[in-house]
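Pasting in a structure now, in structure tokens, and then I'll have a few things to ask.
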């Protein structure tokens, strides 16, 4: 961390908003001088909040932000050596192009060495002279190719031009770090591609650090030296674009970056993984019998004549993409997305194989739902968050049953009062029943993420009291859909936090 | 060629009929608008017409003369009127300035406050807007008497200041409500951009937020002036001894005219003043319109350029 | 330790944007809330000879047992509603014409309608009286007619502004859609234009109704004291130092104001009225 190369460090940075929502959760990141770092994630993942904390618009709830080893966590934005390019440009409408760019320079003070009356050398701060300002403005406008436009009112500029002015306005301040908050999201597709190239060139030429926030994975892959993938306030993976694309750390990253096939599988023997009903050779060494996720990029799927590959399938659909075809191949119930130059027809039988190097094996993020802060109420139901689920507490005791007074009773007649007993509740992803009939379930929640894993979706449903339920479902749900949640009594497994004897009554 | 064709197309019979109908509708509309306008101005125009004769009553014409205009500056009544006019203008300007400063800062502050605080402030803001003027006037007066008798040992607290407070209360909520939509329309990132470029919180407000909401502030100011000039009830209740001339009670134009018309017709000198007021108002409106239309096509001079 | 404490203090006193609301809030509290509270105190007390206040329903009973006061309330409500309706009937089509650029492209014309507000309304009322009496309508022979004319004269500009701004914002494509879907002009009006302009109508009514009831100058001047409105008796009670009775009637007005606020809150939040100022 003390490496002189590091310009920005975020140490355990956490931001909890006033309404209690955690936007960023113990974020740790070091950014090197001159790097082009992209923070990538879907909207609401905390990427903008992270940037705003670096800029000084939001103050972290806890943790530290350091620039050049100096703490700036609570420093106001005007005292930080960083400048921001805003998503919707935020140009001052009452000023023209020139005055927008000159705005910061007119406030800026630079140190000058002078000698005071006693002959000592002192450093005084002075404003820039109009001439200095003019030179800097002209230079900045030239960098963004806007030098002809300085007298224009900003409202008369196109989106792309406004974006250039916004960049010039930030660059003219000579920031050590330039923060860009989805700067291209308001531009149309073609302009966006052009600006990507220009920004990249600008970065090379200026040599300063760029921190770029976007939800567009293509943008991130094409521009960055380093990508930080975020999900719900936490970093998922940090790496070069190649690393992120080829070796995603988990199913979430794999799904978010580019097209991918993701399957659930098991390590069957050393360097062999079993999924889609077959055993595949791989190069990643995982523990035997570990449940894993397997990711295959569509372009890495090798199609061959029936029977010549690892597994056979039938082409279910094809789309011509110009350079190649995109096929969806049915292997039993599962689907394999693949890209191939050779034209095939729907209904053709093909074999599928994958180079072992191209099988990306990933630890499963979570094997099943686990809620650690639950308790049992006086009706022997279990309370998860604020929601009450039926549960079978008799499973806590071999041959146990509930007596007429509602106490768990052993065969020998020993009784236990489980009211308010803390429990850990577990439930398989497959055992949660969701429905769009909101009346049907015990509680309702909003779908916060949905990832296609080979033959089903894995959705995360968050309830109003912020409990997450991970569900495997064959159906397509949209993010932000509200669904009801139900769990059968038998599907919930309870583990008492303290031994059962603690609850014995005589 | 093309023009001729267009001409031919335009003069087809159905088109002709439609054009006639449009024109007819426009004439009717203009007629309605101007009739109502003229009827509305009749009392004022009559006053002005009779400012060129010296009769005491409207309706008797005693020959054309500019006498009333001279009397406005020389006679006793004329003097009273001019003092009242001075008071009225001073009060309007002072109360509008205070309202603009308080109301603008209030709107900015509330805009950046928590929702609950903002809702509370806005609910109270609504009260003087919908409240009956007589209730505002009476409750303020009762409070001033109350304060005078319990806090100042029975002293009479009525003065220019109580009058000023009354007029500020009249216009303050309107300034708030004029500025608020401008704040809502403003891109919140502007303020952050100013901070980002080195402004302190205070200078960001002055350099970015205030220029952005300026149209709202200006219309709030004009509305304040309007409300203050037009007011009678609050003035009549909250006025006290005068500042400008040291007379016993402050007379504004409204209280002066009210006292006069209780006993008789509008004082003749007042008719002459009406002419001046109307001209002044015309000039102001004209000025505003010209200013608005001249979309600031100023020559740009860059300080740092040779 | 010392330094963090200092920092904390500095942070506590340092400028925050929301502090700007403090002077405004204090001013409103002092000059809006406190006076109303005092009125409420007076409305439900009685003043003894030595000036002390005791809790009492005397003002309430004296109001509700006085047929003349109830009568004034009823007459005031009637005149208020009538004036509101007349102003809307004239102001609505006028505002429609002014806002429709087929008929009027001139903003100055709209300003001309508002300009009388810059000439004090007492003077305008006096002029109206003098002109009316020249025409033979005076307080002596037609007190109610004279009052009504004075009211309409005075409050019409107040109705035009909010109506005009609402009309400017009418969704033209919705009106065209209504025509396209086969509405005749009357149906287009009732199904598209009228519903869209309701916020303007509500604020215009709000601008007229309460002031009509409470302003005593117009009725005093134009009817030569023959028409008594609610504002007149409040003023009368007040000038005769009957503060408890006066306060109770002010309280009755406050209830009316509260009802108006509730109604207007349903339709708009004063935006139509306020955006009227964008005219300037």
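Side notes on the structure shown:
The chains carry the letters A, B and C, assigned in the order they are written, with residues numbered from 1 in each.
Quick note on the criterion: a residue touches a chain if its C-beta (ideal position, glycine included) is under 8 Å from a C-beta of that chain, and two chains touch if they have at least 3 such contacts.
Computed from a predicted model, the values in this text were never measured in an experiment.
More C-beta pairs touch across one of A-B and B-C than the other; that pair is B-C.
Seen from the Cα centre of chain B, the chain whose own Cα centre is farthest off is A.
Centroids of chain A and chain B (each the mean of its C-alpha atoms) stand 55 Å apart. With each centre defined as the average position of its C-alpha atoms, the distance from chain B to chain C rounds to 16 Å. For chain B, residues that reach two or more other chains under the stated contact definition are 200-201. Residue positions of chain C touching 2 or more other chains: none.
Those residues of chain C that touch chain B in the shared complex are 15-25, 27-29, 31-36, 38-39, 42, 90, 93-94, 97-98, 100, 102-104, 107-109, 111-113, 115-131, 134, 153, 156-157, 206, 210-211, 213-217, 220-221, 231, 234-235, 238, 243, 246-247, 250, 253-254, 256-257, 260-261, 264, 270-271, 274-275, 277-280. Across the complex, chain A meets chain B through its residues 55-57, 76-78, 82-84, 86-88, 90-94, 96, 98, 103-104, 107-108, 129-135, 151, 169-170, 173. Those residues of chain B that touch chain C in the shared complex are 22, 25-26, 29-30, 32-33, 36-37, 40-44, 46-47, 57-59, 88, 102-103, 105-110, 112-114, 117, 121, 124-136, 138-143, 146, 165, 168-169, 172, 174, 176-178, 181, 200-202, 205, 215, 218-220, 222-223, 225-226, 229-233, 253-255, 257-258, 260-262, 265-266, 270, 274, 277-278, 281-282, 285-286, 288-289. Residues of chain B that touch chain A in their complex: 187, 189-190, 192-201, 203, 207-208, 211-212, 214, 300, 302-305.
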